[in-house]
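Before anything else, here's the structure in question.
Chain nomenclature is as follows: A, B, C and D, assigned in order of appearance, with residue numbering initiated at 1 for each chain independently.
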Amino acid sequence: MLAKWPTGGEVDLDEAVRYHKAMPAGKNLALLVQKARAAGETLIYPRGGVALLEDQGRLMLGLATEGTADFVPSTTDSYTRNESYERAEYGIEKTKSTGKSALNGFPIVNYGVGKCRGLVEALKVPAMVLPGTPMVPLIAEIGFAAGYTGLLGGGISDTIRFTKELTPAQGIRNYQYVDRLVAYYAEQGVPIHREQTGFLTGTLIPPGIAIAIGILDCLLAASQGVRHYSIGLGQNLNIVQDVAALRVLPEVCREYLHRFGYDDFFLGIGSHQWMGAFPRDAAEAMGIIGMGAAIAVLGNATHVCTKTSHEALGVPTLEANVAGLRTTRKVIGLMRRYRLPEGPEVSAEMAVIGREVRSVVDSVLAMGDGDPGKGAIRGLEAGILDIPWSPNVFVANKVMPARDYSGAIRYYDAGNLPLPQDIKDYHRRKLEERADREGRKVDITMALDDVSEIAKLLTAE
Amino acid sequence: MLAKWPTGGEVDLDEAVRYHKAMPAGKNLALLVQKARAAGETLIYPRGGVALLEDQGRLMLGLATEGTADFVPSTTDSYTRNESYERAEYGIEKTKSTGKSALNGFPIVNYGVGKCRGLVEALKVPAMVLPGTPMVPLIAEIGFAAGYTGLLGGGISDTIRFTKELTPAQGIRNYQYVDRLVAYYAEQGVPIHREQTGFLTGTLIPPGIAIAIGILDCLLAASQGVRHYSIGLGQNLNIVQDVAALRVLPEVCREYLHRFGYDDFFLGIGSHQWMGAFPRDAAEAMGIIGMGAAIAVLGNATHVCTKTSHEALGVPTLEANVAGLRTTRKVIGLMRRYRLPEGPEVSAEMAVIGREVRSVVDSVLAMGDGDPGKGAIRGLEAGILDIPWSPNVFVANKVMPARDYSGAIRYYDAGNLPLPQDIKDYHRRKLEERADREGRKVDITMALDDVSEIAKLLTAE
Amino acid sequence: MKTVVTGVVGLDAHIVGNKILQKAMEDIGLKVVGLGALTPAEQFIKVAVETNADAIVISSLYGHAEMDCQGFRDKCLEAGLKDIRLYIGGMLTVGDCDFGEVERRFKALGFDRVYPPTVKIQDFLNELKADLGVD
Amino acid sequence: MKTVVTGVVGLDAHIVGNKILQKAMEDIGLKVVGLGALTPAEQFIKVAVETNADAIVISSLYGHAEMDCQGFRDKCLEAGLKDIRLYIGGMLTVGDCDFGEVERRFKALGFDRVYPPTVKIQDFLNELKADLGVD
């Protein structure tokens, strides 16, 4: 694994453990997240990665100081995500020669342990690796050795949202490697924060699907010895449904953790500000960001991943990223830990989501003879595990979501998901109610229009 | 009245009524507000006024088109507010010669009916006068004659929040003039939207006080024949309390309207985004604005008055004003008419506010032998009607608010307000709870610090 | 019936826009061969040869399009695709760039038409139809 | 004991900041005569004469300060206030302006010190004490 690129040779696990132990406790993300959860605080962090080391340093530092981020990211570029380290190297060179970032993220592998330690050491807050790929073992080895104390990704989720021809089996194996590594660090007394990418393709993911996959990824990590894990859901910008999802998630996940005997387990809840297409107008984007901050607090998320007003324009500048963070933190402050009261609407939505999640997870586990990994692989093949807009050829890709009149995500097409019939009918009824009110039919254009609805400008461009 | 400045001579009431009748119905603010209330929509409008006519035209048009405002303002400048039309004229000249606006608003009187009609005619949406003064009759005559179909202000509220030596009696008389004028237009078939300025000095106004004064102003207007009226509350940025206030307001106001026999009465609810000191950072300001949009929808306001990221910097540019509007509208759209469910917290807060309002209004009415005007004048004198931070020498100015731990506004000092003892105790307990949690005492510094709390930057400047 | 090969070039997983585009092209009666996300530049050319395609329509969102499409027209010519029309659209650079500059660079790589992400699909379809001589 | 006259000049109703300032000046042992909001420029001078004040401390938030304070120092001199120290602070122009420019303009009107709204009260108090020779 470490031989895939020369910098892999720099990793010395025992030395890395000692290095972590010498780091200030305030820079350990796992400890920070646990403290925040206990105190009912909502942490904030952004995405962020650029081609050059010095720029990445400035970015991370600026996000922490000006941006007031509680922890800071290193998002990798798409070549690194696909183990094309030569092309990443070319991207670095091209950036140096043109002065314009030619990479959409930070090529962490090319820089390697030594240089990345410099980035982490310059900070007062923890740093987290955002690999965004199931080709993750080398990234994880280097990242952890460099002092990063968190990593975002999941074996099932990242395979089906990012890759085309990788088998889910391979993706799961790759993350098992990472999770074993995390467990090893933990055994040595170095807790590491693992977060899963339940936001998936970011495009109108029904919460039932997101949570089901989150739980399966979580069980897979637990089986490798991980005991500190967060599941990260994308916001769909419907208060009732988003809050219901954030509440169902820990309830149901704990049920399964318990069933598998993992009772001593820290479970965090990540909330990702709208991951779908953004409007190009900065003011409108800021509205989405402010709303996202409020939803995270209302739903008692542990941490929220922020977006920027540049989302629809391209990789954001430091300034735009700082603005997204500050808007988010201001709103979180104004919310003063206020949680949405549990009225009948939220309860009803929680019941629906909970039953969906249990149906899917139970079917998957049954298919895998009780093994979440086998179950996920077979489930994806059978389409009883499925997501919309997957680029992966091993995903059925039959599920198609659309919004109902209240903005909640419903199944226009539930594909082969093993949902109870009354729940399928409920979703259908909700879409028909919308169609009636809008004087249109429930058809595929409704689903397709909804993909761009949030991005649509208030005034024509 | 019309003789105070030459342009007053341009007003011809019968001609003005004919002029209004020839205007498209879509440009009548009263009709627009009624339609929105019936449909559960939340309208948006900004403040805005500049020295020169052409600039004001550009501003109003830009706010409506780029800003997507449902109706647009003409906020007057401080000289016009004080009938210093010569100084306003000097400000106009100075602006022309220096190219920089020397006035903090639009000198509507100096321009007069003819020129202002040009402004209104260029629009597709209604226009509203924001006089911001109890020296209002001439402004109202000219504004209505020019085709404006709304006016923001109240006899009690504007006297006590804006003036120093004007007696409340005179301020009330001035607004009675305006309200009679509005009633006259209405009798002729031209409905005009009246909104009251319950946000007062904008600085931590306890909702009980705001609503009590709103109701008294409303009863005064009703007694002059007005039958279409909104009360406008400032947001204190505490979801529970702000929503509770927006809900108590129509309930209690209708009680009193009914008691006085005004049952056929349209009552709208205005919500004003945070009126106190803003942070200088644009991103933080946008958070306040986004949160304000959400609060207005959660509390079922009819319309919300927007702020800008320039609030702490000075009179905003058109661009900043447009951004505040677009952020607000985006969030309103995302809220999809979602109202906060009525949990025990909101109900409890509603009960407290409701009792406060009834205590104050009943005492005032008793003092005035049933007459709200007389009662208000005597009540202010006795301090049973009182507001914080009033510049007016006829206001007791003993009330001093502070926030509790949840951010709700409590009375640090309730002055002579006739509040039930258990309610005073409740407020006190809430402040003590905060002091305990923060390890400090309940003293005046708490109240004074709170004035600038929202403005405090996340990072030191 | 004219044939179009489409997909998302390079290591780019952003499939949503391209799928919508694909459906729009099918709806106007074109034969569309969809290669999906994460399609190497060479793959477009190979399939275009196999299907005797009239046009290649490439999406790229993730910002690496220029590196992924180095010498694209030359490779087409090498493969014997003499008259093929080349289209590319999406977010073609990392970060926001002046579109005139972007267009110039991709035309230099041999693309006939270059589109920003804000293009109206209908406008693209009209130009595509005109170029391919269908109505 | 040194005497300071303070208030908000012109037709400006913004009383909050000035009240806080007044309290801060009292807390350091100055005798403060507070004129409140909406105080004409002439009134400051009149009261300063009556109280034999050492300084006038003016607030203005609403943007019209320059028009309100035309010839302020001259009027002080006319009234016989020879050594009085003049301070002004707040948001002194309509809209955001370069503070250097603002300072220059108000110094030209005769103010000894000019402050932006972001000034730390403690910094102002230190300068005031130094100027008035109190500790």
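Here is the rule we go by: a residue touches a chain if its C-beta (ideal position, glycine included) is under 8 Å from a C-beta of that chain, and two chains touch if they have at least 3 such contacts.
Owing to the predicted nature of the structure, the values given are computational and were not obtained by experimental measurement.
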Item to complete: Go through the assembly and pull out the chains touching chain A as well as chain C.
Response: none
Worksheet item: Counting in whole Å, what is the centre-to-centre distance of chain A and chain B, each centre being its mean C-alpha position?
Response: 43
Fill in: Whole-Å gap between the CA centroids of chain A and chain D
55
Discussion item. What's the distance between the Cα centroids of chain B and chain D, rounded to whole Å?
Written reply: 30
Practice prompt. For chain C, write out the residues touching at least two other chains, lowest number first.
Written response: none
Discussion item. Which category does the touching pattern between chains fall into here: line, ring, star, complete, or other?
Written reply: line
Worksheet item: Which two-chain combinations qualify as touching?
Response: A-B, A-C, B-D
Discussion item. Quick check: in the complex, which residue numbers of chain A touch chain C?
Written reply: 78-79, 81-82, 84, 87, 90-91, 94, 100-104, 161-165, 201, 203, 277, 280, 310, 312-315, 317, 389-391, 393, 448, 451, 461
Response to the item:
Within their complex, chain B touches chain A through residues 65-66, 68, 237-240, 279, 281-284, 286-291, 293-294, 322-331, 333-336, 338, 340-346, 405-407, 454, 458-459
Discussion item. Considering only the defined contacts, which chain C positions touch chain A in the complex?
Written reply: 8, 10-13, 15-16, 19-20, 23, 36-39, 62-64, 66-67, 91, 93-97, 117-118
